[in-house]
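Next come two complexes built around chain A: one with chain B, the other with chain C.
For the complex of A and B:
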């Protein structure tokens, strides 16, 4: 038993020397997370701020002026005004503006129409459907809003509803507040699955695995040593990411470190299990990286709800996403950062991930015979 | 033998089939041997040597039959096996990112060696391997010979009863090989039994017993001398050849009386069929002074004999390659070539020239600067100082023009492993300036010549080593180069495949191609017209193989081999050597 412990300890020491001296592990464990955090903290934003649109004012009547002013004052748009549409149309084609709003010369006549419908043309760039939808919906809202403000009624009913929206948990609707916690799940997938599968494949490639096998060390000990090493690396990377997320990118952290550690550990075990399973099939680094990217990294990226909303996916894909551990991790992280320790949700997520861990490790340990074929 | 009740190894009816290829890697092997000996494991490539060692180490499961080590079944009692054996795999199993001492500590932990007893063992092993002053160096910064010794040290931490070494001397220079042999001999005196797999038959000759495998079957087990002695009076040397020794060899090989032949400096060594006692050599046109002399056989002769003889045909390349004009002009002139990496001078002002149709051998210990010189000559590295001219073109200025005139076969063949044979050939025919119309024709011809037709759709990674080597050679000569650079083309390749390879080289040289080659096989260096010996970046001496041998002859060493010459010169500095 003592010997067993000694062997594992020695393998872990070896692993740490390798991590320190091998630039590629440092790159995956520390540099890449920093880049990812930077991209999601500063670069990528899913918010529609300062969307560039063009406004053609063919009518100069005070009503048209007033409506155009309400658009200009909105923080969502940066408006470029012109008298005729020729110039702005070109800009729309060139992609310099995302949409074009035209108030025709007969615009102000709308008041005399019984339904008080405003003749506004909206042309939006359909090559980017999300943005196009947003332009259209927002303009509708802006129109209704302006009507209320100007006290113009269409004669049917004049129910005045004053909507004061409150967004819970992410008051400013800042997309980085949910992207950064999600990216931590991606980083842990990278370390747990990709890096682990790679380092084991490397042992096969360099022939060190064969030499290890000729010693009294068992396959389980090799796996356990790898797991402990990359578990520590993953948790370390997670803590650094959390630190940067909270103190550099101003993401709120409303849960407890305790809950964060528990949920991260569980998720890391699923990632490590996947990595070990891949490594038992792929004995060269190229194959190992291909399999890990396809089976772990891309699903974690696309089907976890990290960037893409799961509820708007087709049903089949939605069902598929329940099989991806990263899904539970992303939802837990977003909850921990933005809401707090919601144990009902966390315990549910943890138990599902634990089931995955159990399945993975029972497969791995049942296959761990120390032999080359 | 009666002293031991149990045999060290008992192999009963052992077969191994790999599912993917579905061929017998080993077939019905029955053999047992007793402790206390050095046993050589030899055989051509793909004979099943590594498979057999891995089965003995308990790392592969036999398909049929079983192996017992001192009464322990390698599968059922695998836990006991790890206590009895130490195994050094082909790649040594070192961690490149760990220092020498860290590697030792890791393996000591894995072998359950207590911290207390460790210091003595390390002290002894570091002394034994001469690695004492390198304990803090990372394994990746060690030379090939040092890696091999460290690998051995790691396997010897716990004194095993049985040491398994899988081709420990591949790609290692003769000096390191001799040192390794001394170490193994010392271990044998400590009552450790050793199984040593090797492609070097001079090493096998020194073993007490050899296991000879071929195509998965056991051809011979016993002392090597018994096989060697059977060859007595069948081995001859044609000496004092005044004519072209390469054409003498090719004529001798074509003759029905011979089963094998190689060039040894200025002589040709031939092995006759069993029933023949002598041979009329005048039909080989060796010149009027030539004589046929009986010489003592080597194990290699017996090895070739038992495997059915060496390749007999002249290289079919002769038909393909257009002869280059035969004037003995200089095709490669190296003038004061120097390469520094930072403070380190890898190649220091070397000068030599190679004539048309000449084989020039560049020999030297690992890390002497051979590969660096090659890379500069092929235009892959920029010289720090000096220049070289290939057919009159400076390697510094018109490299792409010069490159079209040279062929380069790199160490480890540099083929695209994922591509098939024909895809590799098409690719290489595409990157050389070969007219489109000719391309297909050339590829087809080379496929026929090198007998690659049954493998054309096989991936390069799946080719047997000998065919891989043929493919690499065919890719290097596709554009009819005038100068061919071969960087350790035969490392780890068996004697028969190497003979085939030299057949092709000899054929090309006859057509006027110049060959510059590096090798660690001293018997191959004998094929060279001239040899340049490099040590620590300096060109120490240039001469014919016979000149080199004669210059080191002394009272203690009346007829030195080329290996002796190599070792003696490698210990000297340039200033100590006067010109031959």
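For the complex of A and C:
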């Protein structure tokens, strides 16, 4: 027993030396996460602060002018005004503006008639559907505001339904607040799976695995040693990411460190397990990295709900997403950062990840026989 | 001389084709990516779970709730009984929006006062929440407009008419799949060029090439052309899949698309040659490709618009050929962009391609000597 511990201990020491002395492990574990977090943090944003739109004023009566003024004063838009739509239409096709608002020449006339309504056409560039949705939404908001002000200034007494939206947990609607916690899950997948799969494949490729096999260590001991070393590396990288998220990007952290530790440990185990499994099947780095990118990184990126909404995907992909541990991690991290310790949700997520861990490790340990072919 | 290059190119194709692993990687992952991710990479918002807390007892609020429940965007409306449940459903992500109608709603409407509706949205997903809010506004707007006609209430003097050009139903695959044509073309050509050189280095066969009668520029051309051909071949497959399997309209000129694709692939092959002259092993080459790919995809406007980025980062995206090629591909697919617009976006790629190819040639030759 004692011998066994000693063996694992020396294997871990060996791993640590290997990590420290190989620049590419440090690159994947520390530099790469920082670059990714930086790029995700500043590059990936869904907040449209300054939508470029064109406004076609075919009608120049005071009513139309007042609407035009309220758009120009809005901080959400940067407006370009023209009298006819030809020029702006070209800009919309070239993608220089995101939407076109048209007040037709009969706008004021229709507005003043009791049986008609003055039409305002909002045309968005549907080739970017998400932006198109925002163009429509923001213009609807701007229109409602303008109507309210019109009613006040005209002293008209109309009734309307006042809708008051409240966005909980993220009042300022900063998309970074949910993208950054999500990207931490992606980074941890990368370290846990890609790095682990690569280092083991490397031992096979270089023939050092054969050398290890010639010693008294068992396959399980090799796996355990690898796992412990890369677990520590993963936790280290997790801490750095959290630190950056909170102090550099100002993402609130409303949960507890305790919950964060439990969740990230469980998730790291699933990622490490996947990495070990891949490396036991693929014994060269090329194949190992390809398989880990396709089975771990891309699903974590696309199917975890990190940016893309799972409920909008077709059913078979939704079902597939339940098999991806990152899905549970992203939801837990977003909750921990923005809401707090919602234990019901967290325990559910942890237990599913634990089941994945159990399955993965029982496969790995049942296959852990020393053989070279 | 041409014969030498020609035989080198044939050799490269054979090497790529005979290596089972490379063959697998060039065919299977891109197709998986195309099919899974064309559907998964969606910022569409539908099938949303919503809940309502209706404290009003009148018929009017009931009708409004029925409209929400009947909307194709929402599924399973959950009915709540008290305030505490709001927190519970939102915290546990059981619903992304709770519609709260107070007890005064019908009474206020009937007596000619303005009633209030509160929407509570889960800000953990701020993008989705904002779009859901937009849907809710439209439903309420429509409800009020119908109600005012029925009950002879004064209706608003203006109305908003929404139209989406180029993609009137805002189908998300129309946005992602043309983008994937660009991305997978890029991925393949980058992988082929950088990996084949790195592999020769690792196996030591690069030395054999050097002692052959080929000049270094011949080797370079011989390595670049298979990357260009395979990359464009992959692009073609996805193009066909986009038009047939995904039924995405193709409005522009196919010739212009291929011409732009050729120049784009040249600029990418330049990057591949450059990366491979830096890397000694396949692992390093793969990592370099991966880092390069993920950064250029993020900085291209593939998933999120460039104009949302800070200004200094927007300037950096100007050296990213993918950014310009995406505009061209999407424009040719959906918007039938005129040649002037294609050229506006093509000339930066031409400059980048010339720069990349000359720098990588210089680097490559330096490494050889």
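As a convention for this text, the second predicted complex is superposed on the first by the 352 of 373 C-alpha atoms of A that agree within 3 Å, B and C clash if a C-alpha of one lies under 4 Å from a C-alpha of the other, contacts with A are read in each partner's own complex, and residues count from 1 in each chain.
Note that a residue touches a chain if its C-beta (ideal position, glycine included) is under 8 Å from a C-beta of that chain, and two chains touch if they have at least 3 such contacts.
Bear in mind the structure is a predicted one, so any value in this text is a computation, not a measurement.
With chain A as the common reference, chain B cannot sit beside chain C without a clash. In the superposition on chain A, contact is made by A:217 with chain B only, not with chain C. Residue by residue along chain A, chain B and chain C are tallied for touches, and C comes out ahead. Within the superposed three-chain model, A:259 lies out of touch with both chain B and chain C [touch as defined at top].
When the two structures are aligned on the shared chain, A:350 is found in touch with neither chain B nor chain C. When the shared chain is aligned, chain C comes close enough to touch A:290, but chain B does not.
In the three-chain model built by superposing on chain A, chain C overlaps with chain B at stretch 420-428, while the rest of 222-230, 420-428 or 528-536 show no clash. Contacts of chain A with chain B, set against its contacts with chain C after fitting on chain A, share not one residue. Residue ranges on chain A touching chain C, taken from their complex, read 24, 27-28, 32, 35-36, 39-40, 42-50, 52, 92-95, 107, 111-112, 117-134, 136-137, 139-141, 143-144, 147, 150, 158-171, 173-175, 177-178, 198, 202, 284-287, 289-290, 293-294, 298, 302-303, 305, 307-309, 311-314, 317, 320, 331, 334-335, 338-339, 342, 344-345. Contacts from chain A toward chain B in the complex involve residues 3, 6-7, 9-11, 13-14, 17-18, 21-22, 206-208, 210-217, 370-373. Listed in rising order, the residues of chain C touching chain A in the complex are 21, 25, 29, 32-33, 36-37, 39-49, 90-93, 109, 112-131, 133-134, 136-138, 140-141, 143-144, 153-168, 170-172, 174-175, 195, 282-284, 286-287, 290-291, 294-295, 298-299, 303-305, 307-310, 313, 327, 330-331, 334-338, 341, 344.
The part of chain B that touches chain A in the complex is made up of residues 18, 54, 57-61, 78-79, 82-83, 85-98, 102, 105-107, 109-112, 138, 154-155.
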